[in-house]
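Two complexes are shown next, each including chain A; its partner changes from chain B in the first to chain C in the second.
For the complex of A and B:
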């Protein structure tokens, strides 16, 4: 072994050990666990079986949870995109002083713990919360609006939590678009709206895809916010996995559900990369 | 196709005046250069004509139509950028088709028009490539095809050749000149390169500090500069200072130059501008005595730096096949300057 090669091993050694011990080993254990049989009487058995996966993918109880999770991820991602894109454009075009302030305001919520932020939303959204009280006192509504313990509450919470990621990935993507390219489209008889949709959006697509993938994956795997703002009966995959492990003590079932979630996320990242490669075939080498 | 007129066009940012009440007429089918050092306001004028910048005052007319209030997408201009500004996510074909589609062209007609435009810049074979697969010169030719394809009323160039290397630049100059005269497009060409302006333009508008210094044919700008700025900018002249006495300038004690051109009425300290190619070298004889301190061979020409006795240095350029092409460093020479080639201007105006 040459000197430089041993130096290389030395450099990646600590990280390799950490990944093997801290990530790969638990994943393998979980994978094995998801293939064990389970009965309420005897707990985790010693036989190998695919029944945990068959149960999860063949039972409407679980399928509904999976579909609800995917729908939630889709809605949160689209809302983050719709809210984040104008915000990213604003950050890019505003003066340098306001730009610093705006970026600070966008990143500031990231410094605050998710539990605390979700509690904050509970204070605002609950049936006797700030928003409902204010609306009732103003005489605008008679009954409190159902702002939490449902999809609405979870969406509001997740959009607020993951919006900074979207914005922070969109800003550099938009920054890479030369101003001259948009000006050229304007002089070629395109309205501002058309320039936005035919030039700005396609050229920002690498950032849009990265940001959307990240927000989607984070949303479908979020646990704390759906639990707190969705309430104990609002089930998504992450809360169901938690319940399988901690309440039902059915570890094989929870592990199988966790792997289904992981495969959905991986398939999505793969598909997004394929789409990105196609869309940006003119942009990047 | 139409003429272009600017009427007291002005652009101010806070207190800084970038373009100061510029009035200019470009006749139909002519190519006019806006020439000047960076920061003289030439690009600002171009962007106001394209509709990308809003003027503080004044009017822009295409023919008889006042377009000052029209947005960029309704002005019918073609703009060629220094950075090419091609759409990187579209093929060459789609880049050129972009403006044509907005005019409602589709199908076979669109294909024909895009093909025509690409043939005009001799890029017909590269229609399916993406811009990043092309060289800089090819990209700029695509940009040229893209801007002329919709048959704009006015064609604008914003230093389109500055990013190309010298050889490519000359090829592109010829290409632009050929295309512009074939299509008889009224064109405005922004550049800081005087050779580019000279070789391309029907007329040159020389600018400085947001003001027009001279608007004339290249020959007039070269042979009859309107003021000290123009004589100092065109060519790479030697700029000297001296004291004006009647029509003669004393550069140093005993070193006197006569000028048959108009001189400032005020007298006193003046700026003298001498073109390198106007100066005549001789081994001896009449003229100002001096010594060669440097010889630079440039191919077609030879440049000398001559230190005048008891006086300043001047630069002299002679043909490399001429009689005076082989003077060695240290040779004593006589420098004579025709009186009609001595440009005298007030000192501050020559800045």
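For the complex of A and C:
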């Protein structure tokens, strides 16, 4: 036992040191920083205070950014569900050749660089971009549509970027539904729509919850896409954290905002895991 | 799910969604071959000029090399640290197993930008900002969970009696691992390695906080360039990244099935 114990410590040691020194220590130190006072004149002070959190949660400037970020996450998640469901159904129903092609076309964008995909959307959505040029040339619009540097652009980009996760979690969730449950409901003269909403969706709910949580958490944490497609004046939590650290140099305030974001993300993941576990128990029982 | 052929409507909708999902990448690749000095899709004339420009530009080349050594180095370190840690965790050789596992997986659930600013503050405090090994360790930290996840799930599928049998037949602990367990782990580790590599190559929100103004990685350079306006050289640099990803995907398909990724 002692031999295997020392072998175990040897095996786990390097990874543990990396996590302790490279992740836990920085997080604890940032937590301390978020509790330090700050003034534009004197920089970071030495007194302990909750004022950074009070500022972030009490100032309308920050509150608006937090609410905008949460609303953005909600819209992106709902759109990913609405768009992801038909694609997941298609992947399950189509023949094996097309299925491989479809999964490849879902996986390829997932692995493609987020900067590259956001840049692609800039090329498509800008005032003189592919979509506006095509619409103007077709005579459908006279002036270019404002598709970028606003909420529309950020939503179009984020949905495309996080859709693969949703689809790839919905496929196994739908696949695991026993066919005879739906068949039974159809035999009992339920309409297809009714079977879908009263049988299929509830039975797939653990997968739906996992996928939605993942997409929501990734969307509210996104930095690159909101900055590239929203422009410098479109503020969400991640871009504001970036600006507090890199431009305003108000690190304590940035640290407080970073912990608010982390708290929202971790609380949601925790709650979703609880709900999904509860539902799975209910389904298998 | 009831097996049923997709209706025409469902097929049309699905094809439209697949086009939407791949449109930005296709547009970037097309734009990089355009012979105009501004972005045109589809290109009016074809040229490789923008690739020559990117590959001849020392700042771009430096960024490409930084990205490549960082991704390779972080993947290599993650494979070693991650496999060792997974083995110890799987065989319960250490106390506080669940706690350690959650700590190793934590960088996956923490918002990347938060890890970025926490590290920025930490390395500034230690006076280590801009050190290459800081970048390497930061990338190892964010790629480690992918290797551990693949390795743990592969280990679950291996019958422990196989390694015990090797021990009985006289193989020492490490020899038994190397000759028996490691080959069985290989598909999972390859999948973990490819995901690590792609994750490192993709990363902006952690990397951007750790670079000095004179350093860059390819995605950070593209991200920064866009603020000064878009031109075909950015498309060409992006196409190089897409090509790298495509190669990784082809290799992945050759080695392991896609189901391994998730």
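Here is the rule we use: the second predicted complex is superposed on the first by the 277 of 285 C-alpha atoms of A that agree within 3 Å, B and C clash if a C-alpha of one lies under 4 Å from a C-alpha of the other, contacts with A are read in each partner's own complex, and residues count from 1 in each chain.
The criterion applied here is as follows: a contact is a pair of C-beta atoms (placed from the backbone, for glycine too) under 8 Å apart; a residue touches a chain by one contact, two chains touch by 3 or more.
Small disclaimer: the values here were computed from a predicted structure and weren't measured.
Of the two partner chains, chain B is the only one that A:188 touches; chain C does not reach it. The wider contact with chain A, measured as residues touched, comes from C rather than the other of chain B and chain C. Within the superposed three-chain model, A:146 lies out of touch with both chain B and chain C [touch as defined at top].
In the superposed pair of complexes, A:29 makes contact with chain C only, with no contact to chain B.
Contacts of A:112 after superposition: chain C is touched, whereas chain B is not reached. In the superposed model, A:12 lies in contact with chain C only, and not with chain B. Shared contact residues of chain A, touching chain B in one structure and chain C in the other: 183, 186. Within the complex, the chain C residues that touch chain A are 1-6, 10-11, 13-14, 17-18, 20-28, 31, 39, 41, 80-82, 84-85, 87-89, 91, 93-94, 100, 103-104, 106-107, 109-115, 117-122, 125, 137-138, 140-141, 144, 148, 173, 198, 201-202, 204-205, 208-209, 219, 222-223, 226-227, 230, 234-235, 238, 241-242, 245-246, 248-249, 258, 261-262. Residues 4-5, 7-9, 11-12, 14-16, 18-19, 22-27, 29-30, 33, 83, 86-87, 89-94, 102-109, 111-124, 126, 129-130, 160, 163-164, 168-169, 174-175, 177, 179, 182-183, 186, 200, 217, 220-221, 223-224, 227-228, 232, 238, 241-242, 245-246, 251, 254-255, 258-259, 261-262, 265-266, 269 of chain A are the ones that touch chain C when the two sit in their complex.
For chain B in complex with chain A, the residues that touch the partner chain are 50-52, 71-79, 81, 83, 85-91, 98-99, 102-103, 130-132, 143, 146-147, 150. On the side of chain A, the complex with chain B involves touching residues 178, 180-181, 183-192, 199, 202-203, 205, 279-283, 285.
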